[in-house]
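Working notes, structure below.
Order of writing sets the labels: A, B, C and D. Residues in every chain begin at 1.
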Amino acid sequence: MSAKPHPGIPRLEAFSDGVFAIAITLLILEVKIPHVEEVRPGDLAHLLTHLWPSYGAYILSFVMIGIYWANHHHICRFFTRSDHAFNLLHVLFLMCIAFIPFPTAILGQYVIYPEARRAAVAFYVLGMLLPSIAWTLVWWYASSGSRLIDQDVDRAFVRRLNVQFIASISLYASALVIALWVPMVSLAICIGLTLLYLLPPPTPPDRARVAS
Amino acid sequence: MSAKPHPGIPRLEAFSDGVFAIAITLLILEVKIPHVEEVRPGDLAHLLTHLWPSYGAYILSFVMIGIYWANHHHICRFFTRSDHAFNLLHVLFLMCIAFIPFPTAILGQYVIYPEARRAAVAFYVLGMLLPSIAWTLVWWYASSGSRLIDQDVDRAFVRRLNVQFIASISLYASALVIALWVPMVSLAICIGLTLLYLLPPPTPPDRARVAS
Amino acid sequence: MSAKPHPGIPRLEAFSDGVFAIAITLLILEVKIPHVEEVRPGDLAHLLTHLWPSYGAYILSFVMIGIYWANHHHICRFFTRSDHAFNLLHVLFLMCIAFIPFPTAILGQYVIYPEARRAAVAFYVLGMLLPSIAWTLVWWYASSGSRLIDQDVDRAFVRRLNVQFIASISLYASALVIALWVPMVSLAICIGLTLLYLLPPPTPPDRARVAS
Amino acid sequence: MSAKPHPGIPRLEAFSDGVFAIAITLLILEVKIPHVEEVRPGDLAHLLTHLWPSYGAYILSFVMIGIYWANHHHICRFFTRSDHAFNLLHVLFLMCIAFIPFPTAILGQYVIYPEARRAAVAFYVLGMLLPSIAWTLVWWYASSGSRLIDQDVDRAFVRRLNVQFIASISLYASALVIALWVPMVSLAICIGLTLLYLLPPPTPPDRARVAS
C-alpha cells in the first residue's frame, strides 16, 4: 500500500480482533453442561449425543465469526483514514458481533422443539442479519466518495463489494421472513450462505498480488 | 508528537485495551437464556421479546464502554511519561470498567419491576459514576502541573477536559440522587449523557490535525 | 529467517494467541462453585477437597492448551506464505481448541461416577483428538510440496513432524477406543501423552540456533 | 537495555498479558446476580448491599492480579533469553493466575458464614500462595547463575528480589496455617500484603533511570 495507514486504523483493528477472539471463544460457554445434580450419571453418553444441535450451532457461529474476522482484515487494508463517525459505526458492528453467542445458544437449545423452532431460527437469522447490516454501513460510510479509502482503489471492486453486501442483507432478510413459515428452509439458507462465504473473497485487480 | 512516548504507555494501553475488549464482550453473558427446563418451548418468542430491558441495558453499556475505549485512546496520546501511582490509578479505573457487566445485568433483569426499579437504576448509575471518577483521577494526576503530559499541551484544552470530567461526575452524582426519587428520570439522564458522549471529543488547537 | 514472513501470518498468530489465551483462562469457569443456597456452609472444606477431579481436569487441559500455544509459535516460524484454505484450516483448528473447556468440564464433573466414567473419558479423549487432527491438517497443507513454507526447510525435519503428528492422532484414536473398555487406562494414556509433549519440541538442523 | 531481547520474550509477554487481562476481567462473573426468580424484586436494594463480601473479594483479587501484571512487566525487562523449561514454568505461573477467580468466588460467598470462614479464607490464601511460589520459580530459574538474564544485572538487586519473593511465600504460608485457627487474622495479613505490594517495586541501581 502506498499510503501509510492512519494511526487510528491499527488501534481499531486490534480492538476489533480482541472482540472477535473473545466472542468466538465465549461460544463454548453457551453449550450447557448437563449438571451432575440434575441427571443420572449413567445417562451421560445419551445426554452428550443429544447436545448435537448445540454443537451444530457452535460450529455454524464459530465459522461465521471467523469469516467476519477474515473479511474485516481483508477490507481494513483499504481504509487509510478514520473519523469519529467511522469509529462509532465500528462500535455498532462489534456490538452485533458480540451479540452472536446469545442467538447461538437459543438456536442450540430450542431448534429441536417443533413449537419453538420458528422463534429460535428467526432469532438466529436476525442475529446474522444485524452484523451484515452494520458491516455494510461501515463499508458504505468509508467507501462512498472515497471518504476513508484511497482514491486509487478500483471502482469496479468497490461496486462489487457493495453488490455483495446488499445481496447478503437481502438474503438474510428473506431468510428471516421465511423462518416465520418454514424455519428449516430458513436455517438451510443460513448454512448455505455460511458455506458460500467460505469461498475466497474478491480482490481488486491492482492489488491482486496482496494475498489475503 | 515530538516526544517519544514512554515505554510504559504502550504496555498500559495494550492491557487496558484487553480489559475493554473483554468487559464489552462479556456483557452478552449477562443476557440470561431462558433455560429449556424452566420454560415451555412454545413460549420462546414471547420470552425473547420480553428480554427487551436486557437488550437495552446491553446496548447502553456496550456504547458506554466503547466510548471509554475511544476516549482512553484519545487522551493516552498526551501521556509522555508514567509512574507507579499513575499505573495504580489505571488499575483502579480498569476495576470500575470491568465491574460494568454486573450493574448492567441488574438493570436488565430488574428495571421492569416497579418495586425494584429504584435500586436497579441507582445501582446502574453508580456503576457509571465510579469509572467517571476513576478516569478523572487518572487525568487529574497526569495533567496537574504537567506531571505526565507534555509542557506544550494547550492549557485551555486541559482546563476544558477538567471542566468536562467534573461536569460528568456531577451529572452522574445528581442522577444517583434522583434515582432514589424518580428512577426513570435518572435513567433518562444516563441515556442522555451516553448520547452526548457520542459527539466528537475536544481536540487541542495545536494538535487538531491529529484525527481521533 | 531469510524470507520476511507474509503479512497474513502475524495477524493469524495474534488472533490464534487471543483464542489460546481466552480458552485457557475460561477453563476455571468450568470449576463450578458449590452455591451457597445448595450446601451447608459447614461442608465447604469437604466440598472444596472433593472437587479434586475438576482441579485435575483444569491442570491437564491448561497444560495441553499451553503446549498447543507453544508448538503453534514453534511451527508458525516456518510459514512464509498464507492462503485462503490455510486460514480456513486455522479456523477449524481454533474451533477445536476453543471447544476444550467443554469436555474438560464433563471430565471434571463425571469421572468419579463409575457409570459415567466411560462416556466422560471418551468425550475428553475425543476433545484431545480433534485439535490434534486439525493441527495435522494445517501442517500437512502448509508443508506438503513446500506449499507455504520455505524450500530450504530441512526435509528430514518435515518428515519427523509428520511422523510425530500421525503418531499423536493414532495414540488419541487408540485411547478413544480403549476408553470404551477401560476408561482409566485411556485417561492414563492421555496424561502420559501430555507429559511426553512437555519435552522440548524437535528443531531443524539448520535452524537449531533459533531457540524456541 | 544493551542486549536485544530474545524473540521468545515478547511472545511470552503478549500471551501472559492476555491471560492477566482475561483473568482480571472474569472476576466480575463470580459476583453472582440475585436471580429474579429466586428473590422478591422489592428485596433488591437489600440483596445488593449484602453482596459486600463479594465486592471486597473482587477488589482484593483485582488489585492482586494488577500487581502481578505490573511486576511481570517490571521483571520481564531483565530476561534476555528464554528456553523450554522457562516457558513451562511460565505456563505453571499463568495456571495459578487463571485459578484466582475460583478462590475469589469462594471467599466472597462464604466468608460471612462463621462455620465456613476457616475453609473459605484458607482456600483464598492458598490461591494467593500458589502464584507467589510459581513466580518465584520463574525468577529463580531465570536468575540463578544469570541463566536467562544479563550478566551485568546488579547482583544485590537479584538477591533483594530473591529475599522479597521468599518472604512473600513465607508470609502466605504462615497466613495459610493461621487461617485454620483465626481466619480473620489470616485475611488481614493477606490484605496487608496486597497493600504492601502497592508500594513501588525495587529497581537495580544501574537501571534506575528506566522507570516502571
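Just so we're on the same page, a residue touches a chain if its C-beta (ideal position, glycine included) is under 8 Å from a C-beta of that chain, and two chains touch if they have at least 3 such contacts.
Quick caveat: nothing in here was measured; it's all calculated off a predicted structure.
Traced through touching neighbours, the fewest hops from subunit A to subunit D number 2. Ranking every chain by how far its Cα centroid lies from the centroid of subunit D, the top place goes to A.
Averaged C-alpha coordinates put the centre of subunit A at 26 Å from the centre of subunit C. Here the spacing of subunit B and subunit C, counted between their Cα centres, is 37 Å. Counting only residues that touch two or more partner chains, subunit B has 18, 22, 26, 29.
The touch graph of these protein chains is a ring, one cycle where each chain has exactly two neighbours.
Pairs of chains meeting the touch criterion are A-B, A-C, B-D, C-D.
Chain contact summary for the complex, subunit D toward subunit C: residues 6, 8, 11, 14-15, 18-19, 22-23, 26, 29-30, 32, 38, 81-84, 87-88, 91, 94-95, 98-99, 101-102, 105-106, 109-110, 113, 115-116, 118-120, 122-123. By the touch criterion given at the top, residues 17-18, 20-22, 24-29, 31, 33, 35-37, 40-42, 44-45, 48, 58-59, 62-63, 66, 69-70, 73, 198, 200-201, 210-212 of subunit B touch subunit A in their complex.
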